[in-house]
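Pasting a structure here, questions to come.
The letters A, B and C name the chains in turn, as written, and every chain counts its residues from 1.
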Amino acid sequence: MKRRVLTEPKPVRVALILVSLAFLAVSLVLPLALVFVEAFSKGAAAYAAAIREPMALSALRLTLLTAAIAVPANLVFGLAASWAIAKFDFWGKNALITLIDLPFAVSPVISGMIFILLFGRLGTFGPFLQGHDIKIVFAIPGIVLATVFVTFPFVARELIPVMQASGSEEEEAARVLGASGWQLFWRVTLPNVKWGLLYGVILCNARAMGEFGAVSVVSGHIRGKTNTLPLHVEILYNEYQFQAAFAAASLLAFLALVTLLAKSFIEWQTGRRASAGSVENEA
Amino acid sequence: MNSNRKAFLAVALAVGLARSAYAADATLLNVSYDPTRELYSEYNAAFARYWQGKTGKTVEIQQSHGGSGKQARAVIDGLEADVLTLALAYDVDEVGKSGLFAADWQKKLPNNSAPYTSTIVFLVRKGNPKGIKDWNDLVKPGTSVVTPNPKTSGGARWNYLAAWGYALRQPGGNEQKARAFVTALFKNVPVLDSGARGSTNTFVQRGIGDVLLAWENEAYLSVNELGPDKVEIVTPSVSILAEPPVAVVDKVVDKKGTRAVAQAYLEYLYSPEGQEIAARHYYRPRLAAVAQKYAGRFGKAPLFTIDEVFGGWAKAQKAHFDDGGVFDQIYQPSK
Amino acid sequence: MSSVVLKRHSVLPGFGLTVGYTLLYLSLIVLLPLSTLAFKSSSLGFDAFWTTVSSARVVASYKLTFGASLAAATINAFFGLIVAWVLARYTFPGRRLVDAIVDLPFALPTAVAGIALTTLYSENGWLGAPLARMGVKVAFTPLGITLALTFIGLPFVVRTLQPVIDELDPELEEAAASLGASRAQTLFRVVLPALLPAWLTGFALAFARCLGEYGSVVFIAGNMPMRTEITPLLIITKLEQYDYPGATAIAVVMLVASFVLLLGINLLQSWSGRRLAA
């Protein structure tokens, strides 16, 4: 990174840095620290016991399973959508982007409710599902659907700007040289956007594992069966098992931290590549 | 796409593994309300032993807990509960109305299908610094009362009706005075959590409020769980007889073929062992012998029933808790 | 192309496939489920719909939800600008770590955030206790709701501003300085206007996210009708009273508000995209 000549006077810089750090410390670090302090408030043994409890494990399993379905589904969608949006101009593109963003601004409560309205016993498809003995809501498919809905925009949203920025020239050149569509995608496009893609996947995954509101509406809260880890936290909290609740919460917070570390590693990589790329372009 | 297929295979495998972990002859789902967690985790084990001894078959009982109304809503929408054990008859009625069982469910088991009862008591800070003895102490200015929201919590509806019934039974009591009394009471409420457990946490953990209106069993449980050095129980001069009802969900048990075990599950609640477990968890037993044994646990104050004072749940719900009812009017701007 | 969608000619393949799949998946996962809201609430009829969504208690919840979201987004806009500037322009020990932690609210489950914030700000909490001694109540007041929403919305302003600050052409600032502008003048007259579209976008994103937030707020809100009851909670309340049309009616209002906000954001972005390109 090249040294900037123009900047603010040192006292201003220091003051701004301190304000930033203070703001982030109070609003982000304190809540996070509290989770871990409470989780270990009864010692490491109690912590380990809370984590290894069968209900906690089954909740963790369900959470991972949900993410394992929701993330690939939205990954494929994100690739298709960003290809269509970044590489082509068509009528109604802005409206399409807005619609893709929509789940992101819909209240989680509403996200859960719509699947009840569709697949609940008294819902639109209720009689059909009852007749064929297919369970969607209050079972794993409902939890997965609600999670897919709330994490719907993440990959697409990260990919669209990256694909737009990388332009279509390379693909067009490859096309002229006779590359097939898939070759072009695997050999040219994917390497160009892979870091953006990974970032999107990581954010999508984080949200998929942490979703509470929407999943709470469709879960049915059957212990050991349809409780995800965030729901398990709430249940423990309601059972006066505060330390265990925070222990389970710390597991989620830990997953969040790993996610953030992976993300910042990716950004570091992208930053290196981007600066290398820009040098090439300028030359 | 190959990796995608692998992911799906892995998922299918994981689901398969999760399934095979449960291998009981029958599985029941008991959909219940918040405060019964501890009660049913003990009772389920006892019933499974009893059932295996009697029939040689194993049964696994799954539990789901939450606010009573929320749980009823989930069952209406398709949560396949074999049995309901909810906080109040109104919620069970609503499930029945949606076509899952007949309207006469309350006649299917003894005692209005309520195997145990409870009432509403006060939880105050250790040493009772505000000197709270009875309902009329709750409306004094400067007294802060914690109760959940009657719109979302079954227990809170019992709280509300108990206060109303008390005011009605005072000398010269009438509907207007009861309404004024309940209005004054809710003026003293700083937080309305959505469920009973939320309110207990607010009162005990967060240190908010001078008095918590709670289920008797919840009050005892929180004294035990959260510290006898922090809170104590006050029994008011009169309160309401809360009858948390149970019911078999006909449509579900017929579909799953679990009617016999579901029926036995609820009936066993009335047995000496079932009643003992209920009493141990501070629910008032119906069986005289067990009631006598645990008589020292429970207050002696007279209790009125919802049928006596309000003419049943349907009427009480409509007048007080439906949208636009008395409870909503309390919170309307005074103009 | 036999496609009904008008598009500019391109040599690249896959338009039909990707647009087709995008529209199909979007319709199945998002549009079809959301359309049931309109369908269900239409069973009310216009008068009943209007009565539901304009009753005093619901209106009070809109005011609270919009007010607290607006306040939280404003706080985030102010501090987010400073944080983004500091992260993009200054070097100091631990900058990478600070940069990573900004995304925490994206990754931390909202229920965990809600429980942690309530514990922190209740009158016996780490921050709540000293604040209570100063006579400031946070938990179970609109202030607490605002703080929870500030937590939720924090990354949006920072993350939309950061790349724009990074790409800001230093020549602009140098030119302003060489023309004799002071540093403050350069910042307020040159830099800030260039950041404005991204700043507004970040603000609007944070605002939109806060409007629907539920998990982190219910714990700290207090849920008092007319005072600390947020709109998503009212939807849940209606659901639990088996009032589906009422719940969906309020949901439709929220949905329209979100859609309008998002459309505004996307227009803003394409406007700023054109400005940057020019």
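Some points to look at:
Heads up, the rule we're going with is that contacts are C-beta pairs under 8 Å (C-beta built on N, C-alpha and C of every residue); 3 or more make two chains touch, one makes a residue touch a chain.
Everything numeric in this text was worked out from a predicted model, so none of it was measured.
Chain contacts in this assembly form a complete graph, since each chain touches every other chain. Annotation: A-C is the more contact-rich of the chain pairs A-C and B-C, by number of C-beta pairs in contact.
With each centre defined as the average position of its C-alpha atoms, the distance from subunit B to subunit C rounds to 37 Å.
Taking the mean of the C-alpha atoms as each chain's centre, subunit A and subunit C sit 16 Å apart. Multi-chain contact residues of subunit C (touching two or more other chains): 119, 236, 239.
Annotation for subunit B: residues 76, 205 touch two or more other chains.
Multi-chain contact residues of subunit A (touching two or more other chains) are listed as 123, 237.
Touching subunit A in their complex are the following residues of subunit C: 5-8, 10-15, 17-19, 21-22, 25-26, 29-34, 36-37, 39-40, 79, 82-83, 85-87, 89-90, 92, 96, 98-113, 115-117, 119-120, 126-127, 147, 150-151, 154, 170, 173-174, 177, 183, 186-187, 208-209, 211-215, 231-232, 235-236, 239, 244, 247-248, 251, 254-255, 258-259, 261-263, 265-267, 270.
For subunit B in complex with subunit C, the touching residues are 67, 69-70, 72-73, 76, 94, 149, 151-152, 189-194, 202, 205-208, 321-323, 328, 331-333. Across the interface of their complex, subunit A is touched by residues 3-4, 7-8, 10-11, 14-15, 18, 29, 34, 37, 62-66, 74, 76-80, 98, 195, 197-198, 200-201, 205, 222, 225-226 of subunit B. Contact residues on subunit C toward subunit B in their complex (touch as defined above): 55-57, 118-119, 122-124, 139-140, 218, 222-226, 233, 236-237, 239-243, 246. The part of subunit A that touches subunit B in the complex is made up of residues 58, 61, 65, 68-69, 72, 76, 116, 119-123, 126, 130, 135, 137-138, 140, 220-225, 235, 237-240, 242.
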